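Per-chain residue numbering starts at 1, and chain names A, B, C, D, E and F are given in the order in which the chains are listed.
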Amino acid sequence: MSEIIVQPSFKWQRQDGQDIKVKDWICPIAEISEEPQVVVLGVPLSRSSISASAASEFPNAFRKSWELFTTYYIDEQVDIRALRVADIGDVKMHTTDILQCHHNIRDAMQEVMARHPQSFYVSIGGDHSITAPLVRALSEGKRVGILQFDTHLDLRDLSNGPSNGTPIRQLLEAGVVQGEDVYNIGLHGFYNAPSLIEAAKHYGVNMITLKQMRRKGAQQQIAEVMAELQDKVDFVYVTVDIDVLDIAYAPGVPASTPGGMRTDELFDLLYEVGKYDAVRAMDFVCIDPQRDTSELQTVKAVTYAFLTALCSRYIHLK
Amino acid sequence: MSEIIVQPSFKWQRQDGQDIKVKDWICPIAEISEEPQVVVLGVPLSRSSISASAASEFPNAFRKSWELFTTYYIDEQVDIRALRVADIGDVKMHTTDILQCHHNIRDAMQEVMARHPQSFYVSIGGDHSITAPLVRALSEGKRVGILQFDTHLDLRDLSNGPSNGTPIRQLLEAGVVQGEDVYNIGLHGFYNAPSLIEAAKHYGVNMITLKQMRRKGAQQQIAEVMAELQDKVDFVYVTVDIDVLDIAYAPGVPASTPGGMRTDELFDLLYEVGKYDAVRAMDFVCIDPQRDTSELQTVKAVTYAFLTALCSRYIHLK
Amino acid sequence: MSEIIVQPSFKWQRQDGQDIKVKDWICPIAEISEEPQVVVLGVPLSRSSISASAASEFPNAFRKSWELFTTYYIDEQVDIRALRVADIGDVKMHTTDILQCHHNIRDAMQEVMARHPQSFYVSIGGDHSITAPLVRALSEGKRVGILQFDTHLDLRDLSNGPSNGTPIRQLLEAGVVQGEDVYNIGLHGFYNAPSLIEAAKHYGVNMITLKQMRRKGAQQQIAEVMAELQDKVDFVYVTVDIDVLDIAYAPGVPASTPGGMRTDELFDLLYEVGKYDAVRAMDFVCIDPQRDTSELQTVKAVTYAFLTALCSRYIHLK
Amino acid sequence: MSEIIVQPSFKWQRQDGQDIKVKDWICPIAEISEEPQVVVLGVPLSRSSISASAASEFPNAFRKSWELFTTYYIDEQVDIRALRVADIGDVKMHTTDILQCHHNIRDAMQEVMARHPQSFYVSIGGDHSITAPLVRALSEGKRVGILQFDTHLDLRDLSNGPSNGTPIRQLLEAGVVQGEDVYNIGLHGFYNAPSLIEAAKHYGVNMITLKQMRRKGAQQQIAEVMAELQDKVDFVYVTVDIDVLDIAYAPGVPASTPGGMRTDELFDLLYEVGKYDAVRAMDFVCIDPQRDTSELQTVKAVTYAFLTALCSRYIHLK
Amino acid sequence: MSEIIVQPSFKWQRQDGQDIKVKDWICPIAEISEEPQVVVLGVPLSRSSISASAASEFPNAFRKSWELFTTYYIDEQVDIRALRVADIGDVKMHTTDILQCHHNIRDAMQEVMARHPQSFYVSIGGDHSITAPLVRALSEGKRVGILQFDTHLDLRDLSNGPSNGTPIRQLLEAGVVQGEDVYNIGLHGFYNAPSLIEAAKHYGVNMITLKQMRRKGAQQQIAEVMAELQDKVDFVYVTVDIDVLDIAYAPGVPASTPGGMRTDELFDLLYEVGKYDAVRAMDFVCIDPQRDTSELQTVKAVTYAFLTALCSRYIHLK
Amino acid sequence: MSEIIVQPSFKWQRQDGQDIKVKDWICPIAEISEEPQVVVLGVPLSRSSISASAASEFPNAFRKSWELFTTYYIDEQVDIRALRVADIGDVKMHTTDILQCHHNIRDAMQEVMARHPQSFYVSIGGDHSITAPLVRALSEGKRVGILQFDTHLDLRDLSNGPSNGTPIRQLLEAGVVQGEDVYNIGLHGFYNAPSLIEAAKHYGVNMITLKQMRRKGAQQQIAEVMAELQDKVDFVYVTVDIDVLDIAYAPGVPASTPGGMRTDELFDLLYEVGKYDAVRAMDFVCIDPQRDTSELQTVKAVTYAFLTALCSRYIHLK
């Protein structure tokens, strides 16, 4: 197997039958017989986080939550088990060389693309610094748009290295992405410093606050953003920083905040996102399982969000 | 007193005066002088729960919360102290014979009915398996409708015994209730397996998702359901599985989920339910006080819901 | 310095630059060069609380949260750093003489007014008993209106002393405030006893339930209340009892309740309040940091609310 | 009944039989037929605590724990059910007048003594300020010795009122107790300020550190202290400040500390104390149930300590 | 494979090399090439617990902890990886028929013995009710001694069914074990009712309190007990009820108590136990992972205890 | 000031008087008038930790705990306020370049030594990786011994970079320290892999298990180790990895374990260490405040340990 992608540390005992769980459905890459339609890649890096974070433990926390969900989505009366989803494992990380980690992430994504060129890619962070190398790998020769759900702009200057505060800035500075192709939905409150606003304006990043989104509604908001993006880019990368959610709905992030999005709003937004073939990849970042409640409120929310996005893709794009 | 109904393990020191609390109002059955209009029955059984549950501790947790609420409902400017509510105690349980427990529940409900034939009955679980024997006792010679608030259909097949996953199936298979007379409101997400959907369709159970309810609004949704039910049945049994609530509002259940109902929505629904004389009994199930927050978020929510339902009955049906 | 106002026990290392935090902006009174526009006063008293409370620890918990917020409000694209806000310290308290504490609070507020007559005053409790001496100090020779956000009426009779259950009653009985000038927004549920309702009616206190406010919307509700108040009073005092929030949004209060307000609703209400020059002072009370979650959900909510009110003032009244 | 002693807010449903729990054994005063040998008095005052404390909730937390213990002590193979223990209720408290509370405590203890002159008295705090009025009541016309288990000397000067930092100082200054008759066992670490040491030396208080006690062993240490005390005083009052325990064993106190006593050491010490008829009364103070673990570690430790002391009395003094 | 033993729900990705973890060493039964010397059997039953318990989740919690320990025991400078330990899976359980569960446990143990007659058997509970069917299976045709570490005697009468309060009584009543062959070490405090003491005396069960054990020391205590047992029985079954530990060391049990054993004492006792070839099987019961701390204090303690026992066996009996 | 040492983010309001707290005693370097005898340096680095760690937040958590301790040590009846202790601030860190962080640590320590050559140095981690650069700075031209209190050997090979698993290996490989000059006290259990043992033997590191230390006692153990060390080295560096403590005493570390040291044992050991002038510097590492209990059990333990060491130095070496 790969040098740069390692097996998850545990494997579900998968079971057949009418009533399966997500754990019985998502398949280790080595055991899937047909070409997967969706590839899940763990990216367990969080020593690049500005504030202390155990987001590196989220890929496994995510896998463990698979026994809590079925493959049947009752809101749309659909069973998504026919969608072929493979778990390809985790990017190998170095303990102290963060740049090496970022290189490994880029190389791993390239390897995933090379092996599964037609798949939809879902990366499970890790902190937000992983988005820069992931988009680098995906964007080669393409114009890529970014649809970001975040409380923060992630446009810090790079003087202190590539952290979870810088991924969008890195991509803009490197010319990998253009500012006008970045749409950030969910901004609110007193969490972004002036220099980030200035950078956003300088690069032309599209800032859409949570209140603006609420006035439009999820469906129209995504429709408008995707209409604009589809005219400009070859494909769209969706990045979901879970700190976009309100602290009442997602305490398990390094910087949980009041004034944020509700989970039902995020689920609706991702359901809309799932309708667009232009979306080629997505990630979920900045979930710290050590800060989650004992009932796993945040981890469960992410798995629900992930399933909602896949379910919508299955319904609309199969 | 009864062989099958035992006194609660503690008793409030009740006080008189203008400003009483719920603890001063709800009366031990032995101390009430007039016929009660509402009888509260504790059903402390949860060894029948599929996943580990301490819902057996909820009847007492519920009673302890009575000191946190007054009898005055400021939203409607009404004091409900004139409603005569009696606490009749708990169904006696066996430590290891679950079928015996279920028989005791049925027998206890029959005894309650025999002694207080005109009352409204509120059972405090316990897990959802208690609903089957309760409805059995209540339905003799009557056509009964079920209005269920739940994240799950509770239609598992009976091969593994009568658990909290099977009560509706039990009642349907036994012909105690007809599928068309069951309305489940609040379904959402990835929590029901295909065989349950199949069973729901086979029996004609009415599935109303949370999103559908939200589009209609609580008032219209309940009006429509009750209009249909009143045409068909002799009376309606309301069963509230607290896991219908979102994990942000009710973490203290064995299977808390994101994507669920808010407490204010549940309160509105139960206020509507309280308007109908056809509703003869209700239960609250699957609250696990050991998983609740230190501030008793879930326990308090159930007591609020209970009071809202009674308050509405008092306003509309006195 | 003052005998009755003491320095906070710690001081932030304040930093300059483009990207400052609230900790770098709010200035110890001794270090501010120009006259402050806003004065923040800590009132660390909670032994006057009916139920056990560590609200006395909130002023410092509030100050500690200042490193979690920037001065830039992205919803309105405004940086509020030009607003001069000074932290004047805490009212000195006696360990066992609660009346002395209340006198100190009144004297401290008088001293603040004497030294900074043009400022806007924000008091950080402490429990709700502090509002009575604060309003006493502020109201001399003036007709003052009270805009209260609370789950409770705070109209208990005074037979058991001046506690967090009595501040409004104290002000009414003493003729400091008139009942018709008190507007309580956010009332809900089963938390006020009949004698309080009776007192509210007796004094003519305006009771606006959370449901009524929701039907009107924050903007119209505040517009109506302020229109009425501005006709009657010289200035308005705003008091925010954080237990007005739902337990899902603010568990860290001595009596958290289901059925309450969401944080986004409170933020909207305070944004509206910030538009009125007639509002001269406000307080935030009844936050118990020892009951907050490990992620500081309640503390962060109050700081966000405080910033929202100031931000709106800055936008509309500068 | 008394004006100054109020019934507990709840009552256990007591049961007979061979296998009873402590809840079935300790009897409400109104229901006991013979003169009690031990009287338990709740003293729910903690607004007199220097740091915020919910110790006022401990008397009820203590009563609730009675269902977790039997009357049989397996270490000595003895059943203590024959000891007649009565729960006389709680001292009535004022919400804001702390001096009134202290007067009530003194009056209540006098009333208890008047009604049950031959009993052993156990007071359940509350914070340590309660010890001063309790000893005042008990000591009239007698020379009383104090055996204190504490991390602190409680010798603060009285300039800030009678708090949980001052009870011993109050008794010494008032001449109620003599310094040489006070023995404090369990002192350790960096928790007493120099002025307290100075006061201890000035008054001749006997300071015995935890390390000194450990070198002697519980049996010899108590034997020596009691030998000295019995020569000097008429009777001995034992006061147990639960913060004497290590934070690993008793986190639920306002100021838990590392370096403290283990529970087994405290149990051994109280077993020795129970051997002496000269001990006429004891109290347990400064337990804050809101800071305890979810498994009630601290509350259970106090109940075990209480039972151990009574058990030893029963064995040695019956 | 077996009808009555099911695969664990997940499998570790095992790794080779010099530095392995316990997860890399304990082998699924299907993957072990040589005959195992130790067989681990999960027994996920806790609906038979008197008080609510999630001990059914412990077998998997135990397996998950395997990544936290190496195979090298530094106290004795020994690597135990050469010991062949196989994980055979979990006994299949019924959801509501507890007697069926107990039959399955007995049958599963018989099957294990039939397939691996020379192994040492370690059963991982589950609650203490599992010990009765396990010993039944093991004792056929043999005289078996029981060495129990417990806070409780587990000698309740059987009128309420075979629960975690009855296993020793069941074995005595059925004549499977003789009272004189049962040694309970660790008894303390006020946790056993008189009828249990009476039963212990009636049957001649040997009661050794924690204090008695401490006076002897672990080595001598076990030496004495084993000397007596080896004279009488064919083999010894060791049952470790984790509630024998103090609440400071093992909060994660249904009934944690102060006054119990320290973990280092339990480890020493099990190290001594490991020296005796007469010990043929052991179990660990009554661990409730849902009540454990977030740092898994109790779960880790059990795994350490398990490893200590195996390590001692490896050193002394290989 | 320095480029490489930054001010702490907050400053205590220090107070004079007889009864001061540690916060009033330890002095910011800029405010101390005489040459400090002890210099405290914060080293907020933990992205170098193998497992996720928020130890970077410990220097500030340590400073915050200073208000909980006085300067008087009652065990020895000594006030240590005459000892001049200065807080010099924190080493400046880079967000993503861990090697740069390590260089900064070394440079900062060199700067501290240059400015305060006669002081005793206490570094507050951070994770254990900081010990390597600290010792590098201190050891120039000297033979340095290391006295380590740890559950782990920290001798991992360097293939994955300089982490908290490698500091001792780094120093040995680089020849900065000799294996025979390293003494590790407190080793226990199943937490060190064979390659580490092999490395320890290869380099001649002295391994002293917790059990061995307990048999000797703290005083004799330290006396023996220091006698050996003083013969060999120029000075001794003491490094305290708080994970040496048992999980019951110090849950707030990245890898808390059962079977560890009690706090009173650690305090005794550090008291002995404080007697030796040969000890020139020490550090405390691997405390993760985010994993600590709400009562700050681990943080308080470290502050107590720090004070004990300084107190002993003050008594024996002043």
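One rule holds for everything that comes next: a contact is a pair of C-beta atoms (placed from the backbone, for glycine too) under 8 Å apart; a residue touches a chain by one contact, two chains touch by 3 or more.
The shown structure was predicted, so the numbers you read here are calculated from the model rather than taken from an experiment.
Enquirer: Which chains are in contact with both subunit A and subunit F?
Expert: Looking at subunit F and subunit A together, the chains touching each of them are C, E.
Enquirer: Any idea if subunit B and subunit C meet via the same residues, over half in common, or different ones?
Expert: different
Enquirer: Could you report, rounded to a multiple of 5°, the rotation needed to superpose subunit E's C-alpha atoms on subunit F?
Expert: Rotation angle, to the nearest 5: 120 degrees.
Enquirer: Where the CA atoms of subunit D average out and where those of subunit E average out, how many Å apart are those spots?
Expert: Centres of subunit D and subunit E (C-alpha means) sit 40 Å apart.
Enquirer: What is the distance, in whole Å, between the centres of subunit B and subunit D, each centre taken as the mean of its C-alpha atoms?
Expert: 44
Enquirer: Where does subunit C touch two or more other chains at once, residue-wise?
Expert: 248, 291, 294
Enquirer: Report the complete set of touching chain pairs.
Expert: A-B, A-C, A-E, A-F, B-C, B-D, B-E, C-D, C-F, D-E, D-F, E-F
Enquirer: Okay, in this complex, where on subunit A does subunit C touch?
Expert: 187-198, 207, 209-211, 246-248, 251, 255-259, 291
Enquirer: Looking at the complex, which residues from subunit B come into contact with subunit E?
Expert: Interface residues on the subunit B side: 46-50, 52-57, 94-99, 129, 160-163, 290-291.
Enquirer: Using the touch definition from the top, list the residues of subunit F that touch subunit D in their complex.
Expert: Where subunit F meets subunit D, its residues are 18-20, 22, 68-75, 77, 79, 248-249, 263-264, 267, 293-295, 297, 300-301, 304, 307.
Enquirer: What does subunit B use to touch subunit D in their complex?
Expert: Contacts found on subunit B: 7-13, 23, 67, 294.
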